[in-house]
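Before anything else, here is the set of structures, which you'll find just below.
The following pair of complexes shares a single chain, subunit A, combined with subunit B in the former and subunit C in the latter.
And now, the complex of A and B:
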């Protein structure tokens, strides 16, 4: 049957086309609407895509190339003529304690900062679930830190934690004698102001996410738990928190990635010092690339971080996908 | 669940002059209601009549502005919802979607601090009674409607509540499922002797399950009585019109008093003898159910001809919409009795008709007239 149809079709088509040609020749206007060079929808997206290529893909490719060279701008050789060292950069990184330490330190900052942000944000969001006077105004005030330029926030913390700054002054008032402690020049304590600054600035974002999450929870499940006689604590842990899990996962992911890139606070408060005791991974790269000018080596370091971050994200996003699937 | 030895004469739930006002709306107006132990009572009314507000006040989510709510004679208005020992089944069932059926069922018991072993035993018993044993380890979010209803009911019953409130639990189900769940629910309630207050806007649910029905409209209690009373002796125009499917006919009529008896003239029927009663002569309403108008193909004495405008096919019976004066009247007949445009002859059984005061809208009590006839 299929064969018969195949044989029959060409003749019919040929006849049809012949007729069409005669018709169009007689009736079609001489000026045709020209088909656009690129379709409209493609044209809309193209500029953005080209920009992305220019600022993301090209630098990434160059970085991959640089990571297998030992290029240093101070050596007087243009980057495209740099000597290829293949994987020695990665080998060196593996034994570079400063790099490994910076990675672990960054991870510590991420975990401490994000967990604190989450805990404070959930607490605040619970407070803001009930209606009370000036509630809307209070929300606006609470989210102010988020609006401040990170460098300014860091400068504020720099002043707060100064030797003779307000923090020391307050501690002095609390313990009843003058208190002086150089927070930012003590290797054991210098990370604390950095983490505090991060928490202060980004808890508001977490708070907004949690508040939206809580207000969108299924109210009847909570009411049902109330009439079943459950206490507030039990309702929170058994009903509200499990329902909020997807929102929490997204919030952790967003803030985790953001905090991993922490730079402003470190740069303003300590520049990674004293020594390298507060050097996070982005500070390490800044120092390596723009203080010691070891571009090739740092490109390799950056690539490794990229691989680590992307795999963590993929691992975290899998349970989310399962939730929606 | 277990019968307690409370004073049997005290009502299980009593509302006394309960009043609730929001900014602009007077939601519930001085509502008084009593439920006896083991009774299944429906709170029936159209949307916005105040029935859900009433439920929220009993459950403890809304404080009344005035009035008293008492369970077993003890007042509970001041108690928080957690401590009222009142079970509530929500419109959407509100099964805890992240918890298993087992955890859902034992939730109330855990909150009460029931020991683990007792809890397990009670949950297993309830699960087998509600045929949920097979689903015990499934998440609440993965249940069908029937299972959700049973879980919602089961977890409430396990806390041995003084009474169970159900808030339109079937309003978002399709018709086939409703009939099944209705009988299921009624059976469980009977087995356990549980006092139930059931809020609904569906008269079929109220009529089929209730021991008594409280009809509400615009925040006011219209009538409180057994389904028979509500159906056969509606107290006012609202109840008469709200109950019954197809709806009751309200025929304008002229009332005269002849030899102590009230006689009604409608657009088509004259001299309908209603019985003894008190009403000002003049224009009133004669309310009669479509089942109580008799139709015949040929005329007889006192029968009035009417033209069929259209026919509603209900399967088992047909509803004729016939011209009656300026309006249409509904008459229930056997299928195939008459078609559109045909003329039928109607008779009204005055004994089944209700007289409704044209001014106040209240039904006028009628004494039988056979002595004079």
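And now, the complex of A and C:
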């Protein structure tokens, strides 16, 4: 562009001084300068933005449209010609006992699993703060579960909690007689193996986040507290934990969102049964969309879930906002 | 008599009457109107060679490749036939395998995307109504008129699922009827026999009714001694399937003539109460184990009875099983309706060859389906001991290799069951109808709901489903489906 401007600049007096040249350049019309259609900086980010639009915005808009239709692939009409039912899907969902139960059940799983993961992870992270022999190896072993394919982990828990599996065998050994209990087919207990599987597999991630958080805490306040004679418990609750809050909030946010989507463990262990007593929201939506093909209805369900998840995220991110002023 | 159960003109006339009833409801009467002149169609004896020849002519030197979308694990059944097809026609075949439970989903997605990813597919039979309504299946009436030999469908022991609203949409290629398994040693044990007959007034035998079976399960159930009454399923859809047979055996269709659910009537409630009562005589894994775990557990030889398909027998008749050669077989038990014992064996899965509406060569694809389900070729397909296509044509029951795989005793029970099987609920939205049912049944089985309350809720949900699916359209198919129930069953069901 600069070059173009120089080429356009008339040089009437070849012997003219530099100052005059500069003045002339500043006042000369720029009618011959070609402006690019897209500014350079915009051009750089445009492909990424368009990709984002294609993969996020377009499907979201389609989902919103579908949520007000009654479209099913089995209807024999393309989705863009589906019958509009306006807000009847949302109305039906409000009275769909199975959907509401699945939502509450999922929230229960999220709360129980994530709180347990956090508590165990903090405990383990504290253990690993000091240097001790084989520490690095122990960390490696501890994070192994999260590297296992979720379906395999669920399969292992299916075997563990089978009515003739090791869990029953161990309980039998402990109580001194044969113990047979169908964990996965008892409506009151079937959720427990699912939650345990989730905790077992994802506590390592929480542990890594907590360990990183603890390791990066500023030591000045802790040292000062030690010098002033504060107990270890007091230091933990009054200094370390408050300082760690942003990390905890992020960890809860990540794990909360992830656990809300729990599917593999439910699918492998119980398929939502017995009855619908372990059906989580993902399982409900999987059945609705890919078994019964009620795409419109499930799009409406998904939008409602999105509202719930975003609300939870906003609630969890408030401490972060406070932390950053 | 249904279309699949007779070679007589009487049977066909009956079917035509049923289909005509459907046509009266303003249907496209494809099957009814289809000319069936032997002159136009291929000959039954040489149908496979003739179909191959016709396909070769249609291809006319073009490099045609047929793509088959099939459930994983069926390659052993499909490939030997496809290899012969390629040999005879020069038309190559490509296989696209998808997980067992996902093939119908893939097809419905193809109905939306229309990519032409496959020409032929092997969906589960119960999904055909949904697939037809989605527009992904070719109506085969025209092709059948042109090529299908006289008696081709009659020779197939079960072809009810091939039709939807009177038109042909596929060819059954797997005989998935339910068969009962019993431990012969236990049935023939003199001491057990005496104890049982003293209590019940009749001897141990392959039971004719569910009441008899339940009594036998109760008799043999001694968990403290490591003996269990049965290995029947209480998981997912299996529980709904068992109730479906128990309910039909009490003499009722699931819907009345106006598509109002009858499942919550007295018979339905009684059937459910009996099913739940029988649960106490099952082995501990009944509520968790799926198909493979089930037959492995039954293969231990400590459970009196089991229910299953041909695949179950393939395992139980193998060296891995402790009950090989020690089993007695029977149809699913029936029920006492008036002075008659009503038997309602049940065809609850099966795979169908169908043609994609997006196929570029639908006629050649159709000829492949005709070729693959012909008596000669289907025998080759069913022979594969590792596959899961079970016998479905008369010829299969005479093949030495198939007899060796399944055992003559099992095949006798299987053939009888195939001939009189009641169909699944072949309505649009079958999955939704059954899911509502199975959730309710499981809720009752685990004690969360009372039978009447649960079935009333199911009936209400079914009414909503029917309204959503379009009652008029559903009624057309229901009227048609009722007309092709096995004749002996149809005469008794109300």
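List of remarks:
Following the convention adopted for this analysis, the second predicted complex is superposed on the first by the 274 of 325 C-alpha atoms of A that agree within 3 Å, B and C clash if a C-alpha of one lies under 4 Å from a C-alpha of the other, contacts with A are read in each partner's own complex, and residues count from 1 in each chain.
One rule holds for everything that comes next: a contact is a pair of C-beta atoms (placed from the backbone, for glycine too) under 8 Å apart; a residue touches a chain by one contact, two chains touch by 3 or more.
Predicted, not measured: the structure shown is a model, and the values here were computed from it.
In the three-chain model built by superposing on subunit A, subunit B and subunit C fit together without any clash.
When the two complexes are overlaid on their common chain A, residue A:218 makes contact with subunit B while staying clear of subunit C. Using the contact criterion defined above for the overlaid structures, shared-chain residue A:229 touches subunit B, although it does not reach subunit C.
In the superposition on chain A, A:271 makes contact with subunit C only, while subunit B stays out of contact range.
Of the two partners subunit B and subunit C, more residues of subunit A are touched by C.
Of the two partner chains, subunit B is the only one touched by A:238; subunit C is not. Shared-chain residue A:74: touches subunit C; no touch with subunit B. Residue contacts after overlaying the shared chain place A:162 against subunit C, while subunit B stays out of touching range.
Superposing the two structures on chain A brings subunit B to within 51 Å of subunit C, judged by their nearest Cα atoms. Subunit A uses no single residue to touch subunit B in one structure and subunit C in the other.
Against subunit C, the residues of subunit A that register as touching in their complex are 70, 73-76, 78-79, 98, 162-164, 180, 182, 184-187, 271, 273-277, 287, 290-294. Partner subunit A is touched in their complex by these residues of subunit B: 59-61, 81-88, 90-92, 94-99, 103, 107-108, 110-112, 152, 155-156, 159. Within the complex formed with subunit A, the residues of subunit C that make contact are 102, 105, 108-109, 111-112, 130-131, 133-135, 234-236, 284-288, 428-429, 431-432, 435, 439-440, 442-443, 445-446, 448, 468.
Residues 218, 220-221, 223-231, 234, 238-239, 242-243, 245 of subunit A touch subunit B in their complex.
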